[in-house]
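Paired with chain B in one complex and with chain C in the other, chain A is shared by the two complexes that follow.
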Partner chain A sequence: QGGGSAVIDMENMDDTSGSSFEDMGEMHQRMKEEEEEEAEGEAGAGEEEDGEFLGMKGLRGQLGRQVADQMWQVGKRQASRAFSLYANIDILRPYFDVEPVQVRARLLESMIPVKMINFPQKIAGELYGPLMLVFTLVAILLHGMKTSDTIIREGTLMGTAIGTCFGYWLGVSSFMYFLAYLCNAQITMVQMLSLLGYGLFGHCITLFVTYNIHFHSLFYIFWLVVGGLSTLRMVAVLVSRTVGHTQRLILCGTLAALHMLFLLYLHFAYHKVVEGILDTLEGPNMPPFQRVARDIPVVSNAVLNTTAKAIALTL
Partner chain B sequence: RHYGGYEYPQQGGFVPPDMMQQQQPYTGQIYQPTQSYTPASAQSFYGSSFEDEPPLLEELGINFDHIWQKTLTVLHPLKVADGSIMNETDLAGPMVFCLAFGATLLLAGKIQFGYVYGISAIGCLGMFCLLNLMSLTGVSFGCVASVLGYCLLPMILLSSFAIVFSLQGMMGIILTAGIIGWCSFSASKIFISALAMEGQQLLVAYPCALLYGVFALISVF
Partner chain C sequence: FPGLADVSISQDIPVEGEITVPVGSHSPDEDCSTLDEPVKDTIMRDLKAVGKKFVHVMYPRKSSALLRDWDLWGPLVLCVSLALMLQGGSADSKDDGGPQFAEVFVIIWFGAVVITLNSKLLGGTISFFQSLCVLGYCVLPLTVAMLVCRLVLLAGAGTVSFIIRLIVVGAMFGWSTLASTAFLADSQPPNRKALVVYPIFLFYFVISWMILTFTPQ
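After this line comes the complex of A and B, so read on.
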């Protein structure tokens, strides 16, 4: 076999073609190292390894390079194939095909409970609106944490906010989907994500207002009214899609509880430092420190006079 | 041979495929590469001698004139954007703007280069995914990063304002809101014109506004 042969004799090599990408990378690395070793000078110590590895002593450099190149190409092709298979976000494409008018209409609808629960209500299987609402909630939380100087010891503000909001959206959606499966409700995962996502619109409004205007009573009013409206809407839609009283009760009770409690949690966990500071500063209507003359009560005057008289009498 | 960009092949004959597609002549005048940047000597003389090598800026593909022209496009929010802006992936300008943003934050006492880097990386990735899902034609990551980087310029004005004045009052809130709107309006205008997504400008502007809002949060607090 001469140097001009187009066929590379792979007989003496380990047959790792088609195996994992890491092995190829490792092999390529080894090839590179051996090439470097050879380039430095006579590869005395590594000669047996080289010979054994490639099977051809004389054309070690060229052959090594060719083989390494080929293996790198194969490995790269495999990796890109795996990437295009698993990271293919095109399957989500139809859920992002919306117009601004539609998004606005759905946002407003999410606060209006439906009256008709006797036949299944339509849920838009769209992910743009819910995703934007989750990101808005993250931004509002961040703003709230920054204005109240919240310090998070184990982690970052951004990570906490993103983890909380996405965790709620994805986690509660999955849990509700699982419950819906158990209770035989007619709803798909995308619809559940969409429903819960649009339900966060109420949360966004409430938190935006109450993080800037700090009154407990205002928060409770918003919690009941705004949170309640969006919960009612979600509950009504779910009820229209479920058959049977027990199932309806389980599903709607769980959803209502989780939704309302999440709003409570967000308000209290991420903003209570502000309340603490405000209480210290304003206090229970304390006037500023003033200098007042000490007024001695009348009783002590009488005691003083009596004592003086008693002393005078003894003298 | 006329290359649309400024990268020249270093090894003989190897031209990355996306460079070949940029050879369409630009219709807008400001994106026409000026003739002075086309080297007189042929590309095959590369690496032969020190005198034949092009200047460093040309080799790196940094063209200050182009950066300036694109900056002016961003700064005029009402000017109609040319779709061919996206043809050229220029990351030198955005890099300069990010460093300037970090520098103005540093002057205000906030050493937050890491946050700027992290948020811009994650934000570009998010916008890249979203735009790929929403547009009919795809978009490359370099273009998204380039556009978002250029539209960061008004944010530098905000952070330089924050050096002298505190932005936590009512005027600060109004100014911040205005600047965020300006940045996201410019970015969405460029994206819309380049990706032919008429009628969806608000849908593209909102995520940009969220991203620039996070930058503003770093400037203000």
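After this line comes the complex of A and C, so read on.
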């Protein structure tokens, strides 16, 4: 089935890439046939003709062959480049082979800790759900910036949001995979990525709710309950796949700590980063950690005044 | 995957028949005639093609014209105009609109590439550039929303204007998503449409967020 899909992809290849490949192939084929005919003709005629005359004809045939070979090399290189691009996509294809029902089921399962830790729990090695969850987390973080009405440097915040979420997902997964390798846990890299990615579902829910309802205590409750549930699930799955108490402790402790701390970081650091920028711009007038919506015209006026003052000072 | 190990293009697969786009085929005499025509004709032809695609986006029907002869002029124009209009929204006036422009550009094109890869990985039959073309053209309603937002912001920046902007941006966001879904979801196996629609929804949501939170200086 994988081979079939690869062939179909080549057929659906758009006309701008690799279009010369088939022409090269055809041209090469035609030239080969022509040369074979030529060679046969030459072989037939050469017996009757002079040796030197055959030499000149042979030289021309060689030149043609070289040119054809060169063109064939170029075409082959283009084709192999195009094919390696498609081969890379095909490597990822089985990890995206899911149905919406399965994704929904896995999302709900990620919040339910398993009870059986005595035999290894199955982890679906799927990348669609985790990838979509990471993007959703990025979108929720951006939405959080908007509802806290702190839009000072949009560009930096957006880049930071994307970098943070992807960095967490890929970095912590790699680190946990490395630890799992040290602790002899039965888990592959894709499974680790999938497990951690689905664990971000709890983060998404928590941040979505607490960015809209600004209560510290509500956040702590959500942090403990929702974050705790998803952590318990991940920990239980990992424990079921590891033997030895020390190894289980190391793995699960690290994962729990990183997971919960990331949620804390997402909630507090963004407010603080943005409010830190605000504080430096507006001076000591603004109280810290103000959760009310800021009045944009006032802020922008204050910023304008500060920058005007700064420019006047430098001049 | 045993089938992948020995994939090769055998001679009897009619590859050329599948790949060459019928509209794009140029017979030699056609080439000479388009070379000799005045520049105005060439430009008008391309402009008309782009305009026709804009009309297809605004009234999304199940036609394959957008897919068959794809081009990236429309998405480029839309992306550049959207990025230009979103420029100057940073409160720090020393911060020039440079990062903002590049940010919008990168987000639109990177997002479109990711959605295309996702739809291909889910088993879609649409090609890479066709998908980019559709996603780029469906940014048109959001560009219109950006224009409207700028006009509304000229009148004032109070709660009423925020509500108006919210309604307009929300409506255009829904239109964009519906338009692109009408073109892209058809190329998917029927039970996986939701998996393809969700990233498109996220993509246009992020662009709508950028438009809605725009405050001019």
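What we mean here is this: the second predicted complex is superposed on the first by the 179 of 315 C-alpha atoms of A that agree within 3 Å, B and C clash if a C-alpha of one lies under 4 Å from a C-alpha of the other, contacts with A are read in each partner's own complex, and residues count from 1 in each chain.
Keep in mind that, in the parts below, a residue touches a chain if its C-beta (ideal position, glycine included) is under 8 Å from a C-beta of that chain, and two chains touch if they have at least 3 such contacts.
It should be emphasised that the depicted structure is a prediction, and the values quoted were computed from it without experimental measurement.
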Touched partner set for A:103, first chain B, second chain C, both or neither: both
Partner chain in contact with A:159 - chain B first, chain C second, else both or neither: second
Chain C versus chain B, contacts on chain A by residue: C
Chain B versus chain C as contact partner of A:182, first or second or both or neither: neither
Touching partner for A:257 - first (chain B), second (chain C), both, neither: neither
Shared chain A surface residues [contacts with chain B and with chain C]: 89-90, 92-93, 96-100, 103, 128, 132, 135-136, 139, 142-143, 146, 158
Residue ranges of chain A in contact with chain B within the complex: 89-90, 92-93, 96-100, 103, 128, 132, 135-136, 139, 142-143, 146-147, 158
Residue numbers on chain C that touch chain A, as the complex places them: 1-7, 9, 11, 13, 15-16, 18-21, 24, 89-95, 99-100, 102-103, 107, 114, 117-118, 120-123, 125-130, 157, 191-192, 194-195, 198-199, 202, 205-206, 209-210, 212-213, 215, 217
Chain A contact footprint on chain B (complex, rising order): 119, 129-130, 132-134, 199-200, 202-203, 206-207, 210, 213-214, 217, 220-221
Touching residues on chain A, where the partner in the complex is chain C: 1-16, 19, 22, 25, 29, 83, 87, 89-90, 92-93, 95-100, 103, 128, 131-132, 135-136, 138-139, 142-143, 145-146, 151-156, 158-159, 281, 296-297, 299-300, 303-304, 307
